[in-house]
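These notes open a run of structures that come right after.
Consider the two complexes below, in which subunit A is the common component and subunit B and subunit C are the respective partners.
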Partner chain A sequence: MSEKELGKKWDRCLADGAIKFGTGLGLGIVFSVLFFKRHTWPISLCSGAGLGMAFSNCQNDLRSSYLLHRSQKEQ
Partner chain B sequence: MAARILPVVKLATKVTIAGGALYIAYDSGLLGSSEQGSEALNRAKAAIPPAVEEWMKYFGLETPLPTMPKVEFSPVQAWNSGVRRSISSLSEAPTKATQYTNQGLQYLKDLTK
Partner chain C sequence: YTAGGSSGAAKVVAAGLLTVGGGVGGTILYAKWDHKFRAAVENNVPYSDWLLGLALGPAYQGDIMKQVRMDSQHVWVIIADCFEKITGSEFLPHSEASAEASHIISAISEISTVPAPCDTESAVKGHCSPWSPSLSCFLSVSDCSAAVSASLEECLASSAKATLQAIGAQEAAVQAITQHIHKLKEAMEAEVPPPEKSSQWKDLEAALADRTSAVNDAETALLKAKEALDSLKSEIDKSKGLKVSAVRPLVLAAEENLHNMVVDLDRVVTKLQSAESESKIVSQYSDLVNEAKLQFQREVSSLTPEIQANWKGLTGKLSADDLNALIAHAHRRIDQLNRELAEQRVREQIHIDASLEQQKLEDQKALEKAVLTAVQHIKEDTRLEQERKLSELREVMEAEMRTQLRRQAAAHTDHVQDVLKVQEQELRADAEQVLGSKLLEQETSYRQLSQEQLDNFTLDMNTAYARLKGMEEAIDSHVVAEEEARKAHQLWLSVEALNYSLKMADADSPTMPLESAAQAVRDSCHDNDFALALATALPEESLQRGVYSEASLRARFNALRALVRRVALVDETHNSLYQYFLSYLQAALLFEAKQEAPPGQLCSEDLDPFRLLSYASFCLEHGDLELAAKLVNQLRGEARRVVEDWLTEARLTLETRQVVSLLSAYANAVGLGTTQAP
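And now, the complex of A and B:
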């Protein structure tokens, strides 16, 4: 993996993290207001879940150059 | 009879709203891989100016609203240049320190001459 590609991957990771955190925050606010009587825990739960999704995506992306992909298997 | 249905209707409305929000988030790729997320972000950025224009026309405000000044500020560039500057100043620090101490000592020597 070249230096440039690695930089792009990190950029994507950070942007993805911000997007998923924002999405989680929004959905958490919606759920908290509608179902959970405006408590704080749904908001933190959903934004944390968003961050976790972003972390998992990032991990997969950075590892992908060391794994054998299905398309590369012969026969 | 209406008093008995009302809680059910309220619950149904809430579930619809929450389900709609979830569906929108899922459908626009916000919960998918990183490429989908950045693609959704680009689409949102491209869709903002026409939407803002439409809203302004709807409200009848034809004044040229202060369009987002195309600030040529890139946080990435700022961060990179900041890192470069701090590291270069750190690497030059010993040399500069000896220079300044020598100058100070010279000055004191001149004073006591």
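And now, the complex of A and C:
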């Protein structure tokens, strides 16, 4: 069902975002702990990077139906 | 043990006795029942005949006699016995009597050639006369000669009896005479002592008495026989006078009988006469001898009066004088006798001549008599022979006449047969002609009738056939129409089923696959292109998966509306997240009418998703899915993408519904078309 597509995308986005954010956060924390002497900026950096990645992914995902993919191009 | 032994022995003894007694008793009983067995036992076992005679009585032989059939031999024997009884004399030799009887009976038996079986038994049982057995043959001849034959029979019987009697008497007389002669000779010549001599003389006297009585009997019997023969002769003449042909052989036979009897009688009479003559001579001789003896006796007694007749025994008593006187007397007697002898010798010739003459006369007389009788007999014989020959000739003639008549009759029958044949042929020809003509008539009429019948029948058949054809056609058309109607009905039913299945959809789930229904529709209209085309025009999805009902679509649309509102601003160019955010914001802030009636024509302002949605909602609420779908189809961008599925679904549903409605309309039309207007 096409109407559910959006929902699914949003679910993916959120999940992805959560994962990226979490991973970023985690990495940030790790980096911060490990390499950056418990500064918060790696955490926010990584989490922000994560978020940003998630955002980008989400956007791409949402756009994907309008873009011509390579596989389609080559057909 | 001893007691047991003794009882055992007793038992053995008792058993043995029982066995023996049983055997003997059984033998006796069986001998009583089976005579042959009895005979066998008597032959083989000694003293058994005594025992069996004691127990059962003598062996019964009588049944054997009864079982022997009376053939002529036994008849002869019995007849001979009866004959003996009739004559009453026991010393008749069997052969003579049976010879006489057989001679007569053979003469009689020629009568038995008259066609009739002889009742020998009854004859034997009845009179026991030798002629009656064959005489009873007469009884079976025809009625007109029955009286004659009866009378003849009577006469024959009586004459036969008398003749037999006479013959018997004659024979008896002959016998008596011979006996007497013999006795006389004996008495005269034999030298026997006096007491026996007297007994001899007594016998002689008895014989003489017998002879006289026998001769008298013979004479009377002869007279009787002659009488009977005369009566028979008269009877025969009378029956001859009747001139009945059937009687003639009887008469002939009776005549022959008569002749035979006469012959026998005469023969016997001659025998008697010869015997008598012989006896005469002998008696003469004896008389002479007696006379001489008496004479001598007288002389002797005259000489010697004291000496009695039996001088032969007195040889010691006579004195010398007596003896001398006797011798002288004897001498004188001898001289006298010599002189007489010489005289006799001289007169011998004369005496001989005289006696010869006498004898000649007597002989002549006898000869004449004999010749006469012989002539008579021969005459009779010839006459009888003539009669016989005549009868034979007559028979032959009759036979010839019969054959001639038969020939004539045969000729006549032949002629008649020929005539009949000719007549038969003629009649047959006529009859056949008539028959032919009649048959022809009948045939023609029959043909006519049959032809008529055939024609009628053909006509009827034709009409029937035509009607049948009409009926068939009507029925066929009916059948066709019915078939059409049925098909239409079926189509309609299937379409209805399809329709129904369309309607039968739960909310939010598609109907059942319409494949089966569609198949049914296809089946029910496989010869109708239009319907077939329509049936095949059903979208595949609907067939496989089924379609959503309008209600579910409506519900779905309502769910979709929110989403479409939210992504209203997102399209191909504006599809970043920011746009998404903006679109969401717009959706949160913009309020449109829930349902708005769509205009007849859409302008560019109406292409706003919110307006479109309200229009579509309005249409949906009012059951116009088509318009709603059209309106929804106007959405662009992400909204369009979101609504895509719904749209396809709606399209499918719309398609299906359209096809189904078309089919239904068609089915209705067809159904209506098939119903015949009165």
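Basically, the second predicted complex is superposed on the first by the 72 of 75 C-alpha atoms of A that agree within 3 Å, B and C clash if a C-alpha of one lies under 4 Å from a C-alpha of the other, contacts with A are read in each partner's own complex, and residues count from 1 in each chain.
The rule is simple: a contact is a pair of C-beta atoms (placed from the backbone, for glycine too) under 8 Å apart; a residue touches a chain by one contact, two chains touch by 3 or more.
Please read these numbers as outputs of a predicted model, since none were measured by experiment.
Touch criterion met: A:19 reaches subunit B, while subunit C stays clear of it. In the superposed pair of complexes, A:2 makes contact with subunit C only, with no contact to subunit B.
Comparing subunit C and subunit B on the residues of subunit A they touch gives the larger count to B. In the superposition on chain A, A:58 makes contact with both subunit B and subunit C.
By the document's definition of touching, neither partner reaches A:72: not subunit B, not subunit C.
In the three-chain superposition model, subunit A touches both subunit B and subunit C at residues 58.
Those residues of subunit A that touch subunit B in the complex are listed here as 11-13, 15-16, 19-20, 23, 26-27, 30-31, 34-35, 53-54, 57-58, 61. Chain contact summary for the complex, subunit A toward subunit C: residues 1-3, 5-6, 55, 58-59, 62-63, 65-66.
Only residues 556, 559-560, 563, 567, 570, 572, 575-577, 580, 638, 641-646 of subunit C touch subunit A when the two sit together in their complex.
Within the complex formed with subunit A, the residues of subunit B that make contact are 14, 17-18, 21-22, 25, 30-31, 33-35, 37-38, 40-41, 76.
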